[in-house]
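Here the chain labels run A, B, C and D in written order, and each chain numbers its own residues starting at 1.
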Amino acid sequence: MCGVFGIYFGRSEAARYTYLGLYALQHRGQESCGMVTTDGVNFTAYKDMGLVSDVFTDEKLAQLPGNVAIGHVRSALAGKSSVLNAQPFLVQSRFGMVALAHNGNLVNATSLSQKLQETGAVFQTNADTEIILNLLARADTANVEDAVIAACRELKGSFALTIIAGDKLIGIRDPLGIRPLCLGRFSDGYVLASESCALNTIGAEFVRDVLPGEMIVIGPQGFNSYYYGGQPLGESLCIFEYIYFARPDSTLAGRNVYQVRSAIGAQLAREYSIDADVVVPAPDSGTTAALGFAKESGIPFEFGLIKNRYVGRTFIQPTQALRNLSVKIKLNPVNPVLADKRVILIDDSVVRGTTSAKTVRLLREAGAKEVHLCVASPPYIKPCFYGIDTPSEEQLLAANYSLPEIQSHIGADSIHFLSLAGLHTAVGSGAEKMCGACFTGQYPL
Amino acid sequence: MCGVFGIYFGRSEAARYTYLGLYALQHRGQESCGMVTTDGVNFTAYKDMGLVSDVFTDEKLAQLPGNVAIGHVRSALAGKSSVLNAQPFLVQSRFGMVALAHNGNLVNATSLSQKLQETGAVFQTNADTEIILNLLARADTANVEDAVIAACRELKGSFALTIIAGDKLIGIRDPLGIRPLCLGRFSDGYVLASESCALNTIGAEFVRDVLPGEMIVIGPQGFNSYYYGGQPLGESLCIFEYIYFARPDSTLAGRNVYQVRSAIGAQLAREYSIDADVVVPAPDSGTTAALGFAKESGIPFEFGLIKNRYVGRTFIQPTQALRNLSVKIKLNPVNPVLADKRVILIDDSVVRGTTSAKTVRLLREAGAKEVHLCVASPPYIKPCFYGIDTPSEEQLLAANYSLPEIQSHIGADSIHFLSLAGLHTAVGSGAEKMCGACFTGQYPL
Amino acid sequence: MCGVFGIYFGRSEAARYTYLGLYALQHRGQESCGMVTTDGVNFTAYKDMGLVSDVFTDEKLAQLPGNVAIGHVRSALAGKSSVLNAQPFLVQSRFGMVALAHNGNLVNATSLSQKLQETGAVFQTNADTEIILNLLARADTANVEDAVIAACRELKGSFALTIIAGDKLIGIRDPLGIRPLCLGRFSDGYVLASESCALNTIGAEFVRDVLPGEMIVIGPQGFNSYYYGGQPLGESLCIFEYIYFARPDSTLAGRNVYQVRSAIGAQLAREYSIDADVVVPAPDSGTTAALGFAKESGIPFEFGLIKNRYVGRTFIQPTQALRNLSVKIKLNPVNPVLADKRVILIDDSVVRGTTSAKTVRLLREAGAKEVHLCVASPPYIKPCFYGIDTPSEEQLLAANYSLPEIQSHIGADSIHFLSLAGLHTAVGSGAEKMCGACFTGQYPL
Amino acid sequence: MCGVFGIYFGRSEAARYTYLGLYALQHRGQESCGMVTTDGVNFTAYKDMGLVSDVFTDEKLAQLPGNVAIGHVRSALAGKSSVLNAQPFLVQSRFGMVALAHNGNLVNATSLSQKLQETGAVFQTNADTEIILNLLARADTANVEDAVIAACRELKGSFALTIIAGDKLIGIRDPLGIRPLCLGRFSDGYVLASESCALNTIGAEFVRDVLPGEMIVIGPQGFNSYYYGGQPLGESLCIFEYIYFARPDSTLAGRNVYQVRSAIGAQLAREYSIDADVVVPAPDSGTTAALGFAKESGIPFEFGLIKNRYVGRTFIQPTQALRNLSVKIKLNPVNPVLADKRVILIDDSVVRGTTSAKTVRLLREAGAKEVHLCVASPPYIKPCFYGIDTPSEEQLLAANYSLPEIQSHIGADSIHFLSLAGLHTAVGSGAEKMCGACFTGQYPL
């Protein structure tokens, strides 16, 4: 998972606002971050491992001049942890300097890379971004906008890109719109961001989502829209954005995330009638759904588990006794609200199931008489190929075990998954067209 | 504010468990931390600026051998930010090596320091801890336990200490018991901690609070209790621990903090009947009270403000426009749950009032039709001299302005403080004896 | 200036020996360093800003497995200071993984880059290395060795490369041999290095210099040599390597650097007969020549200036008085050997002249009655385009002023430059074919 | 070993000049450094682990206001490596704020510490400095100057102190004057420093050495001198300062260090007539003596061993083969000046003998036909108790073995130590009264 941002306006403070925008998108990636700024002539880039607030000091921002900028936050992916993979990429090409930030995942990366290598391309990283830039630079087009489209037409998979080329800021989304991207108006210019929360943070006005298969080109005269995706296939936004990734205050495809999560909780309560004393969220991702569940069911909501806000770097403890305590560092049960209670635990999803099992055990140790796990999504049965770092199918609990086996593995008294139809109901009209391949195996490509 | 910890048991892993204990107490201080360990013969100390998880790497912990340890987390106090002030202090004295960690504040520090200097003492820091150690070392007693008592009898103010002297672990609390300290049983030994949450984290069993005026001496044969405070004056635990400082899952003086906060919210709802659409907490400190308020009032609870979990180091932005955005980095309004709503905002307290004013403005910008601020504590009118870093009286909003003036300063449609009696009711029997000097000006000393 | 290294042998400790080799070449570049290792299948890379001993910790080396490695040290060049420019570069290409480290400078970099961009190449850095790799990847050859040669045939300028391609280690030098590269035998394999001192450090046996226009390919069966440079043009090794760059214990083109410097000093003494009391080197670069001068002239050699070995990062002092002291931090005059003496100061070269002027003033302040500056090289009148970071012609003192003007600028009683013929004599037979363009303006290309 | 500095003048830039002074004294200690500055009212302190140029950034210096300052550089001593031991110490006492920096070593530290503890003192470090400050604070005197004297009268051992007390800068030396301290005039004030090189660096004028048993008190009216040492015993300056510690450009007790070292070399040449081809110094400490030796003997001087200037942090290599290379990282033999030569190696001293043995082996591997080690000091047979971190007697090579055994251990063809009388001759009149206990066992106390 990653987050992208872009700004084009009339003041030479693009870096400052990109900093704030990336801050707002930090939940989409904490491993590395970066930005490229330009005044239309000179380009400056800076990227490093770490959080936005650590990488971009006041001094660094002062060294990033210009009225146009793009930025990126990147999440840790196994085995690729290096500043060389940090984004945006800034390259010199036949279209001049081009900077590009990418959220998504190409499913034809290997074949594209192979084909490009056959004609002499070299790749310094295993980032999809380098592939896109090579395609762009080889496009047989008169201008860079057409080159962007030519390149994107060769891509299969998900991509939401912010690009600086020449004196233009470009935003583009894959024809299925799997990863989100939206457009805002700010001061005398425009802003692009993975989520609307980044617009809010800088005080930009939400204009609309960039559409699937649409390219937005922003310049001194405002923005122009180009469709390149042929027949629009309808939006296939990743439905997991609503369940887990996006920030609650963001609005994606016209639906506020907080409200969707609340509706999911309510739907779950409608689907399963459980006799219990208290509804407890697995913090933080289960909180909003739990609130919706509690309201619908009438069962009191309580913070039975408090998350430690100071959990930083952790390391392997030398003994099993110490290792067993690790979950207690992160989650602190409030015993009085749990003791002798029948607890409904609300979690956003069950992937491997290890965290859920630990959480259930924690609740029992705190005195819970019963623990019923209600999951705010359908069983997670297929890996994602569109940008989410999921384990392979054999590690997905729900892909390999029956419900009673899952319940026994988790150690809960009962376990209840939201139905796919219920998820669609909660998300609202059009939800059935969204990408829910992780729950259905029906990949949109 | 600070947090102290101590452990005495039969395995040479005292550092590992102290690490976990300090982790659980991290909310009591994030500036510096440290620990001293011993096997009864050799003493090892390590302290540094920063969070527990940054200061104590696996390698550092491996270099802190022994079955006895004390630890400390310290919060930032203006102008004293240096590793020299980090605790615990470890000194060589006529009683051998003595290590001491202190939570609290001495009101007679200046006169004690003066008196000690007159007879030749030198002070390397302005920490109270050094004063206590000098008094201890000068005590005309046969053993170190008596020296601890002799030193503590000269102290005025609040103190909760963990001490290693010789082969003993000592915990001691001031005669009024202003700062908390509790005792737990762990494996074949005992644990001391500022809050019970640290016992839970390592899996220790809560035994009881160390009493006001009590010294607990832990050795190979278990623990002994000594009263040194003369006629016990009754517990004057800082009532602000319940309102703000302590972690919700801790139990202080027999009352669970989460439950007290929930009761405070309910009491506030009983005291003020406000016609509104939604109850929104100022995260994180107002959350539990807001939940209690919502339940009692029947007005729906919603997370109208989401706290950004990645806020790190911040710096002064160069323009006013950018500075105005700083609150938006930290707090993100969920517009759909606020727009056109009459909002009850629940905050734990109003000290200077600057944060409250910013939060109210944020809610209005998000579309709230009305904002009613309900404060989960009485007006804060007097500085604390017992360990809380408060501004001087002229900076305390409620000490200098009338209720209408405060309301106007905050920009709320109405503002409501919990009554003192209401606070006492929510905390429960004995609350009226607790220290609430910040609300009443009646200092227990 | 940079330094390159490569090793191919039968033990999986290539990283350890590359570390030692880079250590020995550290004088050729202190800004960044890096290495790529491989076992023939997997490639591992690590590079960062900083000295070899800071970048490569024990832990890092343990994560660089393999029996083949190349390494690089890079010196700071204005405006290009970033880890992205650190070498070696490791790319995926149609020849598989290729790693490349470069010492030198291409004079046709701009036109090559332009041409490559026109056919779709993108450049992430302004390093020549990326150009070479793109040429290599586009070469229409059956194997990677031929591709290396095809790429090098397009290059104009200086280059000494170490390359890993597939299971081969390759070393190659430009047809003029401007930058040095030598071959050594080590254990059951071979080593390549910019200077022979790196062979000595790891205990490798010097075999011979890689020849101008020669490619050495090292594999499991030993090494093969290929000439690609057409008619060898004769060695045009940079003569400044002897004067300044190379380490005294290195042997380049059959001449030991220390001995050449000593001969230069003697030659200088033969060229100019100066009546003086003491010969003092400008440390460290003038030391060996000063020793040669003293022996030839019979005037006593003394360390009149001691270099402070702890000079680290420096910053601009706020007042002129403080700024004037900066040279005194670095160079400490030994007054008793200077007071009332007629001093011959030996420096390696005069580029801008600022350091020489400061050094002369320092000697005078220490009591020197006369200061005669003898320069161990001819007047430096032209910029270098082959890998040395020199100022533009208008900043070169000797390019713009007459001898009396230079003398007056430096503040010396007399100033004497080594003659070009004298330099050739000291370096020995073949010296007149070496590149001395900085002294003559006769660039070999 | 440590270095101390102090400045009192009329401008509020004391920190800047102390920085330069400490830079010049960096060779006396590289582990930690610090300074205390004052305007006579407020005191500011900063100290940390590391080199002067790393610890004191521009920003830090800007936060150290005042016209009076003392500073300290400290060398690493086994097992005491912590910022808590860094100097100067700044304490509050009955004489107000007192800052103190100490070079030397107390032989009665344990008994003083014991005595002070018995009357209630506590010690946070094992630095002698804390003992001196406690004595000072307990002195029954009317003013702080008398307290300094009273404290110093109780000390046995070596000490050279710079102190700020109230509005005075104080320098004081032990009655034997074992560690050096000198006084300079600078601008409208005065400077104190361990070595005169620090005066030179800032452009101060050397006034004179502080005398053994003398206290210099510097205030707005200039300086006053007080003798407290009773009958002056004559100067017992550590003779090893000339051999190894002091910087060559310093002048101690009227003798320039460079000239003494040169005379030592000449004396060594007079004592031993060796048939050899070349004189080679063990860099850097043997260089000046080697030059003197070469001049006196007529045997050519050459830099046969070049020291690598970039040697930083080193770590234990995993194999013996790699460990054997460690000396080659640091010292690089210039083979052509060594091959087939009879070499005289000049080293400053032989303590454990390990380094000498490695150096001799290095010369042989480089082709030296014979290696004759000439040592610029007598056999080192006793540990130092006055401030030099020497190994215990059983680790001193010359204390435990005969000359043939030493020669065999070192692996040299012959080994020659300077005679004690010869050392005295080279140092000059008064040398026989200096402390040479490490060579004689005759400790001055």
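One rule holds for everything that comes next: a residue touches a chain if its C-beta (ideal position, glycine included) is under 8 Å from a C-beta of that chain, and two chains touch if they have at least 3 such contacts.
Here the structure is a predicted model, which means the values were calculated and not measured.
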{"item": "Chain pair showing more contacts of the two, B-D and A-B", "value": "A-B"}
{"item": "Farthest-lying chain, centroid of Cα atoms versus that of subunit A", "value": "D"}
{"item": "Cα-centroid distance, subunit A relative to subunit D, in whole angstrom", "value": "60"}
{"item": "For subunit A paired with subunit B, centre-to-centre distance based on mean C-alpha positions, whole Å", "value": "36"}
{"item": "Subunit B and subunit D, separation of their C-alpha mean positions in angstrom", "value": "48"}
{"item": "Contacts with 2+ other chains: residues of subunit B", "value": "none"}
{"item": "Chain pairs that touch, as defined at the top of this document", "value": "A-B, A-C, B-D, C-D"}
{"item": "Residues of subunit B defined as touching subunit A within the complex", "value": "13, 16-17, 20, 23-24, 26-27, 30, 51-54, 57-58, 197, 200-203, 247-249, 251, 256, 258-259, 284, 287-288, 291, 295, 300-303, 306, 308-319, 322, 325, 328-329, 332-337"}
{"item": "Touching residues on subunit A, where the partner in the complex is subunit C", "value": "83-84, 89-94, 98, 113, 117-124, 126, 130, 133-134, 136-138"}
